[in-house]
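Some structures to go through are shown next.
In the two assemblies presented below, chain A is common to both, partnered first by chain B and then by chain C.
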Partner chain A sequence: MKILVCIKQVPDMESKFKVDAGGTWYAKTDLAWRMNEYDEYAVEQAVQLKEQEKDGDLTVLCIGSEKVKETMKKALAMGCDRGAHITDEEVSGKEPYQIAGIIAEYAKDKNFDLIFTGMQSQDRGSAQVGILVAEMLGIPGITTVVRFAFKDGVVDVKRELEGGIKACVSVNAPAVITCQLGLNTPRYPTLPNIMKAKKKELLSTPVQELLKVEARQETAKMYFPEKKGGGLVLEGDAAALADQLIKILKEKTAVLS
Partner chain B sequence: MEFTREIYWNVGHGAETLVPMYLFAFAAIGLLVRGFLQRVKVYKQGLPLNRTDHLGKRIRHMVENVLLQKKVARVRWPGLLHGLFFWGFGLLFIGTTLIVIQADFTDLLFDVKFLKGTFYLLFSIILDVAGLVCIVMLAGLLVRRYFFAPEGLETRNDDAIMHALLLAILFTGFLVEGARIAVTELGTPLSFWSPIGLLVANTISGMGEGGLRALHKVIWWFHLLLVMGFFVLIPLTKFRHIFTTSTNYLFDDLGPKGKLVNIDMENEDVETFGTTQVKQMTWKDIFDADACTLCMRCQDRCPAFNTGKPLSPMKVVNQLGEVAFNNPEASLIDTFGKDVLWACTTCRACQEICPAAIEHVNKIIDCRRAMVLMEGEFPGEEVMTAMEATEVNGNPLGIGYAERADWAAELGIKPLAEDAEVDVLYFVGCYASFDKRNIAVAKSFIKLCQAAGVKVGILGKEEKCCGEPMRKMGNEYLYQSLAVENIEVIKSYGVKKIVTTCPHCFNTLEKDYRDLGLNVEVETYLVFLEKLLASGKLRIDARELSCTYHDSCYLGRHNDIYDAPRALIKAAGGRLVEMEKNRAEAFCCSAGGGRILAEEKIGERINIKRVKMAAETGAATLLSNCPFCLTMFEDGVKGAEVEETLKPRDIAEILAERIV
Partner chain C sequence: MNFEPTEEQSLLRDMVRDFAEKEVAPSAAERDEEERFDRGLMFDRLAELGLTGIVFPEEYGGAGADYISYAIAVEELSRVCASTGVTLSAHLSLGSNPIYLFGSETQKQQFLVPLAEGRKMGAFGLTEPSAGSDAGGTRTTAVSDGDSWILNGTKIFITNAGEAEVYIVFARTDKDAKKHHGISAFIVEKGTAGFSFGKKEQKMGIRSSPTMELIFQDCRIPAANLLGREGEGFKVAMKTLDGGRIGIASQALGIAQGALDAAVNYAKERQQFGTAIGRFQGVQFQLADMATQIEASRLLVYNAAYRASNGLSYSQQSAMAKLMASETAMRVTTQAVQILGGYGYTRDFPVERMMRDAKITEIYEGTSEVQRLVIGSALTR
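The block that comes next holds the complex of A and B.
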């Protein structure tokens, strides 16, 4: 069984973000980098599946500069068998359609039975790549998965929908699965596996060989949300305060309508 | 008339006595040696460890603790009883040996007798009194064990055998002596040099010479057989501690105190890390189990045990022994239990008090290493999150690494990257860098340095967690990655001296980093400030302060720094009321051993218990010297509901308020 898991290296969300000189993305200084949280669930699920299926072979794919290899090593240490590094110094300038195009181009002739990825990235948060890959490869794509089972070529998953509703979906492989918080608890790599990961295959391919699609959208501007007025403290007589509050709620919100 | 006595009186000097006696003796000693050789085989299942270097130092350490019973005597009453018994029995042993030497060697071969005259009188009275002391002390220990046993004291068959046999040996000895005196010495001045023997002689003298001689002969042989039985039983019962505990002092860890063994991460042939089986422990770890006398002192002081957690250091050591002897393939982690292993705060209270020089903490860390490095297991998800946060941002709090020096900006303190010309490097640590409460401590320390004219630099965002909590949790890999990066940065600036306000950083830089190539002087802020005060560079105003002081485990037991903090408190005008558990007996705050990263889910909260001890002193301020302690106490005063009356402070804070 051939499995692909696509991951992204993102800044730690605790970092101090600044808008870069171009004004369309964040500056890369003083950032700590890690694996996109949702991709960690994807890697964990892919590794669990590989462990379940005896003949599993798991490839981890990541697009970016040399630096993303650090994050790929973690995926290899968690249990991926080989790494496919797509070298691209300008990855942050590419929009989700291009990213999906690169992945689909890489995957199209490799007959992956299942492709896992995070349901979205923590930095761009478009949640587009997974489903676009499925579309481009012409296979089913199931998003926001919180429970996963695989047996005899059939994928049984639970998807998280809006408003606390879940949907159960069954589909035949091949398929693309995007993973949501709650699916699993990603493992902490063991030291022997960290050591082994250093020796696993990690091949780099220039992005030019795989980028066959044109961008369809472009980031016009990136900025911090404007600081709007803070809280409003009402003071005075309780009865008058109640009237005041009702007035505000009627005018500014829909809670009383 | 010259004072002496006939050796082998009544039993005879000839072959009819000597041949069976020596046959018994050789057989008994043979069995004793065989018993130990069998045990040595079990010790040898363990990994090699060199504990015979610096022999002179080791022998001195052993002599101090065996002959002077230094550590045994730390717990007053049982220690005193044991010490006096040890010396009494030792004198009896020496006395008996002298008799053997004279009767069967010097007299037999060269006609030389030395047990005569004044020496004999002294010999006689010393042995007599020693015998009495032994009986009284043994009786005292027996009464303690069987009638007033402290809670949790484990009494096994061994204890009954030991008490009965020793008392029987002592009583039969006096009976033999009494029978002899009744026949040969009654009414002579010599008899007064054996007061206890004389008392026995007077009691039994009515039997007449024939009866006394018969009694003497029978009891003499019985006494001999009992002593031979004692030899045989040494390796088979807790009597073995006579050899194993004393030898354990010879094999003791000569320090630096509590330094863990560095795992070689470069060696690619190694595939297992940490300890899951006896064969992955060292021989010394197995030997420790044989040196344990179940005295319970470790358990009595263990903060985990005393707050309802499943850990007892004594139990761990003994379970290890049981596995080594009976089931060497068994999993140590399953035997001990994971909750047991995670409960340890590495406070070292067990090791510090252990009268058998047993090393408890490293055994627990070795098992944790196996759980973390081989299985990726932690005591809880919060710990794994903290580990991952440290991997990403270099601190377990998960705050962006670039903000590490933000606290220092307003004080004009620059990272070495901007100005490396400094007197000292302040290795700030994670809590003083990011935690609001502890930033106040860092700022106080800087103010004190500035008042004393010391130019301080920091590493800023180049500093990473020292790795101590990770290492103690078993994550040796993460610790070493952090350590290597820190050491590289420190070295690149040619730092001459490092000062820390965190005892965990101090202990790690001062001891652990040496293995990875750091060779810069490291000092704790308390010693550093005390020197500044003594030299007159730092001047503070003594203003009265009602306080108690908590010795952190890592400045106290791990580094024996007890006086500098007290001197500083005194200089600041502190009226110090000590808690009952202070200095080497101090009770941990709960956060050592990486427990700062973990939630305390089992039993009573350790920090609340410690805060209550502080509150009992009636002091208004609880002083400490450690960011983990301070954090736990800020939480503990709320839990103990004393936040209005007891304020946790760091010593640096009260000093900074008193700068002249």
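The block that comes next holds the complex of A and C.
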């Protein structure tokens, strides 16, 4: 059984972000990097499936600079068998359609039975890549998965919808699964597995060989919301306070209109 | 020269920090308060993560990593819980390493493999009422009797005592030999008749790490449990402690880093006179000194660890690392309490525990004075 898990390296979300000079992405200096949280669930599920299916062969894919190999090593230490590194120094400038295009181009002739990825990245948060990959490969895509089972070629999952509603979906492999918080608890990469990871195959492919689609969207501007003014403190006796408050509500809101 | 960690060392640090913050930190204050050792968390989980045999080769159940990796693991555990840090350090450096360094192949298979795999825990019994810094003052005796050795005596202040299954015990085998010449090292298993535990120490710090007496009363062990050659015990002890100092230096480093992190977070949030106290130069200067001393300690620890991993002499370097890191830990934790003020003095914040934990690092596995002796005598030899 061939399994692919697609991961992304993102900044630690507790970092102090700044918008970069180009004004369309965050500055990458002074950031600590880690695996996208949702992709950790994807890796864990893929490793569990590999352990369940005796003939499982699990590839982890990541697009980015040499630096993303650090995050790929974690996935290898968690149990992935091999790494496919797509070398791209400009990955942060690519939009979801292009990222999905690169992944689909890589995967199209490799007959993966299942492809896992996070439901979204923590930095861009488009939640489009997984579902676009499924569409491009012409296979089913199931998103926001919080429970996963696989037996005899059939995937049974539980999806999390808004308002606390859940949905159960069955689909035949091949399929793309995007993973949501609550699916599992990612394992720690143990030290012996960290040591073994450095011996695992990690091949790099230039992105030019796989990027066949044009961008469909462009980020015009990235910015922090303007700081709103401080609160307004009203003073005086109760009757005066009430008058002031009513006046403000009438003038500045639609509450009393 | 390269100061960058390897990818494996970075992954290890991330993994241990993640584990320490998620699983060890939440109960650290409570375990300290209750003086409670939690074997499942503080040892068995470390075994599952492959940390109980970090530096030993894979054929002996270890991970085949280097001493810097070991230092990183102890540092990250100690950053949130010094008791967990010393549990690993005493098990690995003191309870297991002597068998790796001096044990026969049979002893390695019998004892080192289960220790490295974390199926058994190790401890080290050198200190006695009359022998601490002066290991030559050992009064515990071992007398050869057929296929056995018979041990009599008492060891005190033994870390991991009661919990550990394997003990490295030092005893005098030649009454007539002068001072440290007549001492030998032995492997003693918990449960051996005549081997019992005395009182549990009530300590100032590292309160969730058990410290007890070992009592030997006509304790008969197999002759095959002699570790190294007869009369070579002092050498076993000194070589072991060279490595042990890296563990304790790393523990001290972790305590100091934990205190600095707490102080920095507090200084950024605590408002006084209309601004965060971290904006005051007086506080910044203190934090700067703390961070600088920690970084200097870290480089000394990694230097000693690097030398230990690469077959270079490291006795003097590990003494320097331990001296610097432990005194830094004491100073930095004291300053952290000062920065947190009244809150720092309460048990609502971790820095008072860190200050209590730091003190022992200046005392055990060679006091600061003994470290100065090691360094000074090497300089004037």
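The criterion applied here is as follows: the second predicted complex is superposed on the first by the 228 of 257 C-alpha atoms of A that agree within 3 Å, B and C clash if a C-alpha of one lies under 4 Å from a C-alpha of the other, contacts with A are read in each partner's own complex, and residues count from 1 in each chain.
By our rule, a residue touches a chain if its C-beta (ideal position, glycine included) is under 8 Å from a C-beta of that chain, and two chains touch if they have at least 3 such contacts.
Worth saying up front: this structure is predicted, and the values here are computed from it rather than measured.
Engineer: Put the two structures on top of each other at chain A: do chain B and chain C fit, or clash?
Structural biologist: clash
Engineer: Have a look at where A:52 lands relative to chain B and chain C in the superposition and call it first, second, both or neither.
Structural biologist: neither
Engineer: Counting only touches as set out at the top, which of chain B and chain C does A:191 meet: first, second, both, neither?
Structural biologist: both
Engineer: May I ask you to decide whether A:15 touches chain B, chain C, both, or neither, giving the answer as first, second, both or neither?
Structural biologist: It touches chain B, and chain C stays clear.
Engineer: Applying the touch criterion given at the start, work out whether A:70 contacts chain B, chain C, both or neither, answering first, second, both or neither.
Structural biologist: A:70 contacts chain C only, not chain B.
Engineer: Contacts for A:30 in the overlay, against chain B (first) and chain C (second): which applies, first, second, both or neither?
Structural biologist: The first partner, chain B, only.
Engineer: Given the superposition on chain A, at which of 3-11, 39-47 or 165-173 does chain B overlap chain C?
Structural biologist: After superposing on chain A, the stretch of chain B hitting chain C is 39-47.
Engineer: What residues on chain A does chain C touch that chain B touches too?
Structural biologist: Shared contact residues on chain A: 34, 188-192, 194-195.
Engineer: What part of chain A is in contact with chain C in the complex they form?
Structural biologist: Chain A residues touching chain C: 34, 69-70, 73-74, 77, 188-195, 197-198.
Engineer: Please give the residue numbers of chain A that touch chain B in the complex, ascending.
Structural biologist: Within the complex, chain A touches chain B at residues 12, 14-16, 30-34, 185, 187-192, 194-195.
Engineer: Going by the contact rule at the top, pick out the chain B residues touching chain A in the complex.
Structural biologist: Chain B residues touching chain A: 268, 271-273, 372-378, 381, 384, 387-388, 391-394, 398-403, 461, 476-477.
Engineer: For the complex, give me every residue of chain C touching chain A.
Structural biologist: Going by the criterion above, the answer is residues 7-8, 10-12, 14-15, 18-19, 48-51, 54, 58, 63-65, 69, 73.
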